[in-house]
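Each of the next two complexes has chain A plus one other chain: chain B in the first, chain C in the second.
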Partner chain A sequence: MSIQIKDEFRVSPFLVLFLVHGTQYGIGVLSFQRDVASIVGHDAWISVIITGVILHLLIWMMYSMLNKDKGDLITINQHTFGKWIGNLLSIFIIIFILSHTITVLRSYIEIVQVWMFPLLKTWPFALVILLAVYYIVTSGFRVVTGVSFLSVVLPFYLVFTFFVPIEFSNFRNLLPVFDHSFVEMARSIKTTALSFSGIEHILFFYPFIQKPESSQKWAHYGNLLTTSLYLLIMVVTLVFFEHEYLNSVIWPTLMLWKIIELPIVERFEIIGVTSWAVVMIPIICVMFWSASRGIKEIFKVKQKKALVLLLFICFMISCFLTEREMIQQFNKWQSEVSFFILLIYIPILFVCYHIRYKLRRKG
Partner chain B sequence: MRNWFRKASVVQEQGTLPALIQYYKKSGDFVHFHNPQTPQPFWISYFGSLIDVEILHRDILPYLQQTALTSLEAVRAALPFEDVLITSEQKKIEDALLRGSVLIQLDETASICALVRAEMKKSREVTIPEEEYSVVGPKEAFVESITTNLNLIRTRLPITELQVKEFTIGTLSKTKVAVLFIDGITNEENVNTVCQRLENLQFHQILDSSFISQLIEDNTISLFPQLIDTERPDRVAGALGEGSVVIVVDGSSHVLIGPISIMELFNAFEDYFVNWQIASAFRLIRVFAVSFSIMVTPIYVAVLTYHYQLIPKDLMVTLVSSRRNIPLPPFLEAVILELTIELLREAGARLPSKVGQTIGIVGGIVIGTAAVDAGLTSNVLLIIVALAALASFTTPVYRMGNTIRLLRFPFLLLAELWGLLGIAIAFIFLMNHLLRLTSLGRPYLEPIYPPRWKDLKDSFIRLPFSKQSRRPHFFQAKDQIRFPAKKVNEVKDIDE
Partner chain C sequence: MIKKVKIAAVLGIIFSALFFGRVPSQILDDLNLASAVGYDFAGENRIKTTSVVPVFNPDKSVGNETFTATDELSKETLRKMNLSSARRLVNGKLEVALYSKELAKRGIGDLLDTLQRDPSISERLLVAVADGEAEQLLTNKYGDRDTGVFLSMLIDQNIKAGLVPTYNLHLFLNNYYSKLSDPFLPLIGQKGKDVQIKGIALFKGDRFLKTLHEDHQFVFKALLEKLKSANYKLRLKEDEFVVIENVNSKHRVRVRNGKHTPEISIGLRVKGIIREKMGKTTNKREIHYIKKQMKKQLEKQGTEMIRSFQQSGIDPLHLGNEVRSRTRNFNTKKWLAQYPDIKITIKVDVDILEKGVID
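Up next, the complex of A and B:
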């Protein structure tokens, strides 16, 4: 029951690094520090490492299912839970992905509205970005991968900007280490789930990779890259800001950029927010690609039609989310669901799939 | 209406040779005469405007008049030509006549005849390349004649593997088009793609190779050239050696090369004549110049309209003092200046070269200074726009220069709309467009995406020849090895 994709539409396994990293590293980077630090304070960097390790485990689980099934999430769900329940679960995941795109798009527009254009209307900007997404996703998976690749490589210079605040930092802020209980640690991991989610798309694009078994190490490298970048940003944030002050900052990463001064550029955060348009595009593209691909397989409709429908829903809901509190609330729900999907659903699926697999072999 | 034409042509095809000749005679330059004086009378006909009269007088008529012509075979034996065609097929006769053959009949009523080639070969001398001039290196450029052009290429590649496939395209122009490739190096897929597209081509007149490139490109809506045209035979020979397919069109002094990747648009062939370090530096400068040329005016507009906080205090003073008396918003100021530069370019290109220079001086210096003095534009923007125009000329491929000229305006518009963010969005669209483009089915952004590290040796930079022992992966050449790579020398210590 494997899915066969023509070779010309497949991408080389090495690009999985960029797909995984590109979808993980996005809007969360600008704001994830506060939520984690509000629970575990200066030990937040430990919970970043722990989350990274857990995600490596999840990647391993996903690949162990995919390598046996040679399909994608939809076929795995069908093989594990039967056609009806399996498809229902897949639809839930697709709805989750759709709401994730709304979170990313709306949060980004909110940042633009707060930091650059207070009077910017949501709908024209959302429309133009979604048009770009339509253009990219209709070009096929190769182009979606290309966008992830370029959007990781081109704005990579931003990484160097995170080293600048170290000059003004106080490393004593990190002491004492291991100052928080395990329960607090566990709770903090829950808040990072949204920033780290993105690996679940492997479940969709697996059949589109040449020699997919060999891509596992690249997926791990991708996650490693994400974890190290998050770790870097987290440590810099913790040493740069006073703990009490950090709790009042909504976008600590943008605040970090405020310290940077170049001979011809002041207010570097404007450049940062602008570059982030390029950083965030692959996330939305990969998500819409996965969701529309899933709908195509479940309902046997044209992917283009599914895509248009999804874009329309995303556009409408993004426009209705006007208040800052509503967006916050939406993000919070999204984070809860992310946590549920990544850390509960995937392990359960993993166990069930392998039990079913063993049973089927015996029978 | 269409049926009428069809019937007419059918009737003409069914007519006999004498009827055909009667039809041709309607045209004033068709010559048909009878020579009864000789031992054997014969009829001779040709298009006077197509044949070389000297060949007729020197090499055809004397032999016909001296020999007893009993049959057309005797005509063939008598004439000093290697390919006297004897046929009664009307299509062949018509083709040959229109290509400059002389038709010889021994009997005016018979439909069989002999055809002797006597076409007038007229072509320009091979001259110095003007668009792709280089100080070092060969100074030959293609001309309009396909025979001369093929000769220029084949003398650079004297191997039997160089193969030529010929096509005739255009219902009115009947243009000869030749597809060149090296058997055993060029990937057949590329050759087949080109041949397939040429065969399927339906067009009335092919007047230049640019017609072909516009008609067979993968994406005809795109601004970006997906086939390169060049006037340098050495560049063509180099491209053939890499594994490209080359299209030569009769009547065009430009030859098409494909498939190409975007980096090819930044490569001048001169890069191979100079040191590799210098060539690499030049290529990087070109890439920088092109991105500068597209981005700089939009950035000026974006920053001055929305993000003046970005500029440090000292720089701000300069900008503000130059803009103090300007009544226009930055966007209008920039658009007016950009359009002025476009006007100058267009006027300069349409006028004869001497007048063109005057226009340059009048436009550039007089209008520029006057506009600043009158307080219509700031001198900072004047410098920026002029630099951007200058930078757009650095690209070695002329068509790419046009692309850059036009690409600036959507960026400008979005910069006015959303500042730097608008530029980022325009960039996202551009990036996606380039990712989506293909040239003869090969990815356009190649060494960048899909990432192939080995092909970087001849893209942004050019490594020394000793490192280029393999052909670029891009062409999927059948034979990947150019020349055997030198074995890595053992590391020698000092004085050993």
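Up next, the complex of A and C:
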């Protein structure tokens, strides 16, 4: 019972790199350092590497299920847990994805409000972004892929800006290596879950890839790219900030940009925040695409209608999140749920699916 | 029908974005961009803020305009200053922030908050302590620039080629937040009509403690970073001096027994060129003597300086961080208790590379 998608709607396997990296690398990267460093201090870069390796494992698990099932998350859930429980689980995942879009959208608007325009209203800005998202997602998966390709390639120059703070850095801050216990390391991995999540969308767009089996290595490359960028940013942050100072900074990555001074631009972080709009759009697009696609399959409704509903919910909740403390609390919950979905749900699904698969073979 | 609804929706969104999504514009010509700000003590918990705004005259000369206001909070003084400013005063182009000595003695922690919290303030901002009143220092005009740019160029020049160690707001905050190290700032004062860097102000936490002894400035900078081109005056005999120029330096910290009672030995390697000497001759024996004397003098100055830091319980040289980075399960409290009594030795190696064009 596999899903067949017409060839003209599918994308080349190598584009999975941009889809995976594009959805991982977004809002979390601007602020993930503090939460990790507050637990493991100067060893935070190690937990970034460990998380990266764990995610490689998860990608492998997802592909091993998908390659057998030839479907997507909804069919896998149905085959593993039966129709009712399976669909219920899928709906939970869709709700999680929806709240993730709210996190990304609202966090970005908050950054614009704090760093650039304090008087900017949330709702007109959200409306314009969501209009663009509607336009992109209704144009189909190929356009969504194209947008995530551009969003990885166009702002790539920002990578070089992370080398500038090294001038004022002290590499002694990284020593001594591995000065924290395994328990602390494990706890710190939990805080990185939100910034690394994004790979779960493979479970949705797998049928839309030509020769999907061959795309696995590109998914791994995508995750590798994300991990190395996070590692670079984490190391630079740790050598640039003293530990106690880092604990009081909300967006360390934007603070890294504050030290950059160009003859024509006094405040580089404004260029950074503006470029981040390009980085952030495809995440929201891929997420909305996945969520609406899931609803379409479960309830057999048109994807466009599902999308309009999701956009409306996202818009309303984003507007209700008005204060920093509320947004922070929402992000915290989101991070907990991300951790649960990525590191508990997917491995359990993996085990259950393979048991069911073996049983069905025998039967 | 559906198409019409869609078009209406799109138009509605565009219109609402245009009407409600606007923020008030700030036109550069209608703003007063402050280039320097100074804080003075004005009674318990009150500060007097002075802002300097460059004025670009039609004859291409640059003048100064200063605003002053008194309040408990820095941002509130900004509002009060705006009461007497024709154009809105903003601080996005701030280059220098000065704290008067009196204010610094009472602690500047609360005043630093605005510099950190406001995203429009650069991390490269140069903070300094004013010897005397900051207002007095800022209202005067020096050189051909406005005071803010002049002061920032003055400090910058002395960081690059003089004896002010590399610092900016970011590095200052790093030291201020860190439990292991204490910050320092340059001390700026007036000398007649001119302004000059009078030395280094040492802080304990957010409070100004004392100024670094003039003789210790060279060794202070050498122990913080690599010197690229500095000058060093060496006393050979009672009234005989020699100047070593283009001094390069490197230093290395070694820590023994970090777990229990740390012992720190600092190796400093200095290379320089003789540029001016009293009592002309510079033969081989004389050079050897200069090297020996320089080593002795630097070691003496270094030991004295570190000893005085230990006595006042401050650590602007990041020795605590050096020990922390070499010790597993480092105990901050224990280190801070031990710090005044631990053994710190300094060993200097001197190389005289050249002696100019005469012998």
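Here are a few things to note about the model shown:
Assume the second predicted complex is superposed on the first by the 363 of 363 C-alpha atoms of A that agree within 3 Å, B and C clash if a C-alpha of one lies under 4 Å from a C-alpha of the other, contacts with A are read in each partner's own complex, and residues count from 1 in each chain.
Heads up, the rule we're going with is that a residue touches a chain if its C-beta (ideal position, glycine included) is under 8 Å from a C-beta of that chain, and two chains touch if they have at least 3 such contacts.
Computed from a predicted model, the values in this text were never measured in an experiment.
Of the two partner chains, chain B is the only one touched by A:12; chain C is not.
In the superposition on chain A, A:128 contacts both chain B and chain C. When both complexes are overlaid on chain A, the residue A:242 reaches chain C alone and has no touch with chain B.
By the document's definition of touching, both partners, chain B and chain C, reach A:266. Applying the stated contact rule after C-alpha superposition, one finds that A:176 touches chain C and leaves chain B untouched.
In the superposition on chain A, contact of A:255 is made with chain C only, not with chain B. In the superposition on chain A, A:114 contacts chain C only, with no contact to chain B.
When the two complexes are overlaid on their common chain A, residue A:66 makes contact with neither chain B nor chain C. Residue overlap on chain A between its contacts with chain B in one complex and with chain C in the other: 117, 120, 125, 128, 261, 266-267.
Across the complex, chain A meets chain B through its residues 11-12, 14-15, 112, 116-117, 120, 125, 128-129, 132, 135-136, 139, 143, 146-147, 149-150, 261, 263-267, 270-271, 273-275, 277-278, 281.
For chain A in complex with chain C, the touching residues are 114-115, 117, 119-121, 123-125, 127-128, 131, 168, 170, 172-176, 179, 240-245, 248, 254-255, 258-259, 261, 266-267, 269.
Against chain A, in their complex, chain B makes its touches with residues 306-307, 309-312, 315, 418-421, 423-425, 427-429, 431-432, 435-436, 445, 448-451. Put simply, chain C touches chain A in their complex at residues 10, 13, 16-17, 20-21, 23-24, 92-93, 116, 119-120, 122-124, 166, 168, 170-171, 173-179, 181, 318, 321-322, 325-330.
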